[in-house]
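Chains: A, B and C, in written order; residue numbering restarts at 1 for each.
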Amino acid sequence: MPAVQLNNLVKTYNKGTVKAVSDVSLSVEKGEIFGLIGPDGAGKTSIFRMLTTLLLPDSGVAWVDGFEIVKDYRQIRNTVGYMPGKFSLYQDLTVEENLNFFATVFGTTVKENYDLIKDIYIQIEKFKTRRAGKLSGGMKQKLALCCALIHKPTVLFLDEPTTGVDPVSRKEFWEMLKRLKEQQITILVSTPYMDEATMCDRIALIQTGKILSIDTPENIIRNYPDELYEVKSENMYKLLKSLEGYDQILNCYAFGEFAHASFKTPSEADAKRYLHERGIQNVVLRRTVPTIEDCFIKFLKN
Amino acid sequence: MNTVIQTDKLTKRFGDFIAANEITLQVHQGEIFGFLGANGAGKTTTMRMLCGLSTPTSGTATIAGFDVYRETEKIKRNIGYMSQKFSLYDDLTVMENIRFFGGIYGLSDQELKDKSQALVKRLGLEKESNKLVSSLPLGWKQKLSFSVAILHDPAIVFLDEPTGGVDPLTRRQFWNLIYEAAERGLTVFVTTHYMDEAEYCNRISIMVDGKVEALDSPANLKKNFGLNSMDDVFYQLARGAKRGD
Amino acid sequence: MTCFTSWREEPKEAIKFLNMKQFITFLKKEFAHVLRDRKTLLILFGMPIAQILIFGFALTNEVKNSSIIIVDHAKDKSSQLIIEKIEASQYFEVEKTILNADQIEKAFREGTIKAAVVFPANFDSNLAHENKSQIQIIADASDPNIANTLTNYLSAIVQDYQVELTDNSLNPYQIVPQTRMLYNPQLKGIYNFVPGVMALVLMLVCVMMTAVSIVREKEMGTMEILLVSPFKPMLVIVSKAVPYLLLSLINVAIILLLSVFVLQLPINGSILLLFAESTLFIITCLTVGIFISVKTDSQQVAMLISLMGMMLPTLLFSGFMFPIENMPIALQIISNVVPAKWFYIIVKSIMIKGLGISGIWKETLILAGITFSFLVVSLKSFKIRLA
């Protein structure tokens, strides 16, 4: 029995004019790290709020840990851990006080489940008498995670835990999540950062309330339909503009240092010749492996 | 080549705390300059000084030729600004927003009329021009926001994490706008947490604990650190940071 | 109050202990929030002190030290006697001068005087020979209240003298009204104001602070987390109210101390009863605050409703600024729903009239009823989901 199961969930706002979640179905296995990957407005927060029983769906059913989200909301509320988006804890309570508070709210003590949060708490322990409001973004995250874990939930919902935090703290956060897997806690995470998708066991790509794909990151990449090339020259903008005019071009867009391009009938030699004719110097053009972001863009363009 | 931003040992102190420590940098006209750093590193403080919103404690700086101590009003009139937190008024229509901000920047009625029509056409928003901004998808809002920020043809535009939370396609469309504007001679000063966007810049600087710890083109930085990606460069520099926000 | 105590005593199987511990944890957190917010604490305690002092000293609808002139054309024994009495009164700043009618009018126009008393020549002799004489009292009625008050004072002084005169004469028919101002013989305004200020301050603090505190939790997002947890929603609400209950009682004590020692207001009734009734009123205000917080989602709206929706009716309908009896019937009926009105009556009854519970049981019951109704509606309206 999957830890979390959604069947055809629908959620609208504003008397049905805003379709936040359209017919979403997915299942999450116990102990998985499952990522909900999509930009703002995709419906991630709405889905999480329905699963944590804070919102009622318009239609469809879902179960968390075997409990139905509408009827059995009390049981779900007793057992899950939840970290809402942009969660800031109690700013004027200290680290210790916040942790103690959340432990008590769930009818346990910090001592009881300390080994669960030990690895994370150690990093902020020396600030334990500091007020939460005076912590850095990365430290607040760690504290919030501890507070969500302290009662040893069976399922953990983390809504955009890394948004607005610098790349270094983001990396560290995901490392902490991976170590939690060993505790057999099912973790659902939502994020707009595509590069974090590879840290998950399975992911669902979501945009404007609809699921684009559900699979392991590797499979999604493997299923990318075109041959993808990375192209580089001295001026990205000129390069892109030229590629756009190429009659063989299927898709091209910037991708950091390189541009990524796919062609109708790929021919490295032909492409290079075309660019050279356009005055683009020092072209580097070679096959590359797509990333989740490439897959997402491909879905969006369809 | 014109220097649009020139700073020399620009510093901002709050009591004992040095938020920005002797920032020295130059930004040339038409450059896309990436301003990176962890939260709490001092990016916002520095940007506020450059925008004329905060008086430095010491050091000098000129923005678009205007002195940051004595000519802040002239600076404000010659720059554009866009951030995630502040952009457009949700309860006004697209056209109303354009007219409002254009008016604030001192555009004449005729200029306003011409520019707003051109802008709406370029963004493909003709059908939406009388719709409330709140009804637009986030990506369109961002693009509109940027265009409004440069409506008055400023010398330089400051962008504070403009693409946070936006889908990958829209992000790239946004950067297309930035490229086009840079081609026309606009200087772009942008902060971001997306390391791939760092690659789109001509040069970038990375702030750690209030100081500029690196300033060069992405290619040179990677070469000097012997690393493959901007991600790794950033990680290397920011990892040892003592400060958070 | 009864519903609170019975809730706590009701056995709740094995998690009864859990509830107590949870509740105490919540209480500790709430106290921490309140005590660490220095600015709000300053307002909480500073406001009643400021209001008492302002109302007590600066604002009073008594009229003191009004400039008047006395034009004495008679300069005889009677006029002197009356003038002495007027000068002795603390209500007047007297300037004795000789002015004609035009000059008197000019002084009024310039606003240098509020009233004028003119004794005609032959004042005394007229009185002796014709048994009557006239005094002219002119007052600046552009403020009718002050004019009325001044002429009343002056007439009273003249009346006084008249009584003295007739005591000495042989006039057989005398009707002398003997007025006694019960409870407040000196007609001191503070007897009115202190109960009114108490009601106002308690109302503001309890309603606004409680409402804002709960709504802040919603705005910060921590309410979401509390909802997705085993705790009982009412715990949050009650635990937020408790610190304000204690702080308000301290406020009551401060107000009373200030009133008694600085403003010289006596407390004729039982202080214990006063505190008990204050506790009831505080709880009433807290439940109103809770009700507002359940119905609103933003701190701004909560504050606005508390200020506009609560302060204004309290000022208007409690009876301490404007007498309710003078209002049209419709408004009088509305005033019955305003808790401050009943509390005001209760406080006055205890402090000034010295009544015991037997004299105020009706008002107490009404307050308790209002509290209970708000509590029930709040409980029913509390949303266990976000939408």
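Following the convention adopted for this analysis, a residue touches a chain if its C-beta (ideal position, glycine included) is under 8 Å from a C-beta of that chain, and two chains touch if they have at least 3 such contacts.
This is a predicted model, so every value here is computed, not measured.
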Arrangement of touching chains [line / ring / star / complete / other]: line
Pair with more cross-chain C-beta pairs in contact, given A-B and A-C: A-B
Farthest chain relative to chain A (centres taken as mean CA coordinates): C
Whole-Å gap separating chain B and chain C, where each centre is the average of the chain's CA atoms: 57
Inter-chain centre distance, chain A versus chain B - centres from mean C-alpha coordinates, in Å: 26
Computed distance of Cα centres, chain C from chain A, in Å: 59
List of chain B residues in touch with chain A within their complex: 37-40, 137-139, 164-170, 172, 175-176, 179, 182-183, 193, 195-200, 218-219, 229-231, 234-235, 238-239, 241, 243-245
Complex interface listing, chain A residues touching chain C: 49, 52-56, 73-74, 76-78, 80, 82-93, 97, 100-102, 104-107
Touch list for chain C against partner chain A, complex: 15, 18, 21-22, 25, 29, 32-33, 36-37, 220-222, 224-231, 384-387
Complex contact set, residues of chain A against chain B: 38-42, 135-139, 163-169, 171, 192, 194, 207-208, 236-237, 240, 253-257, 293, 296-297, 300-301
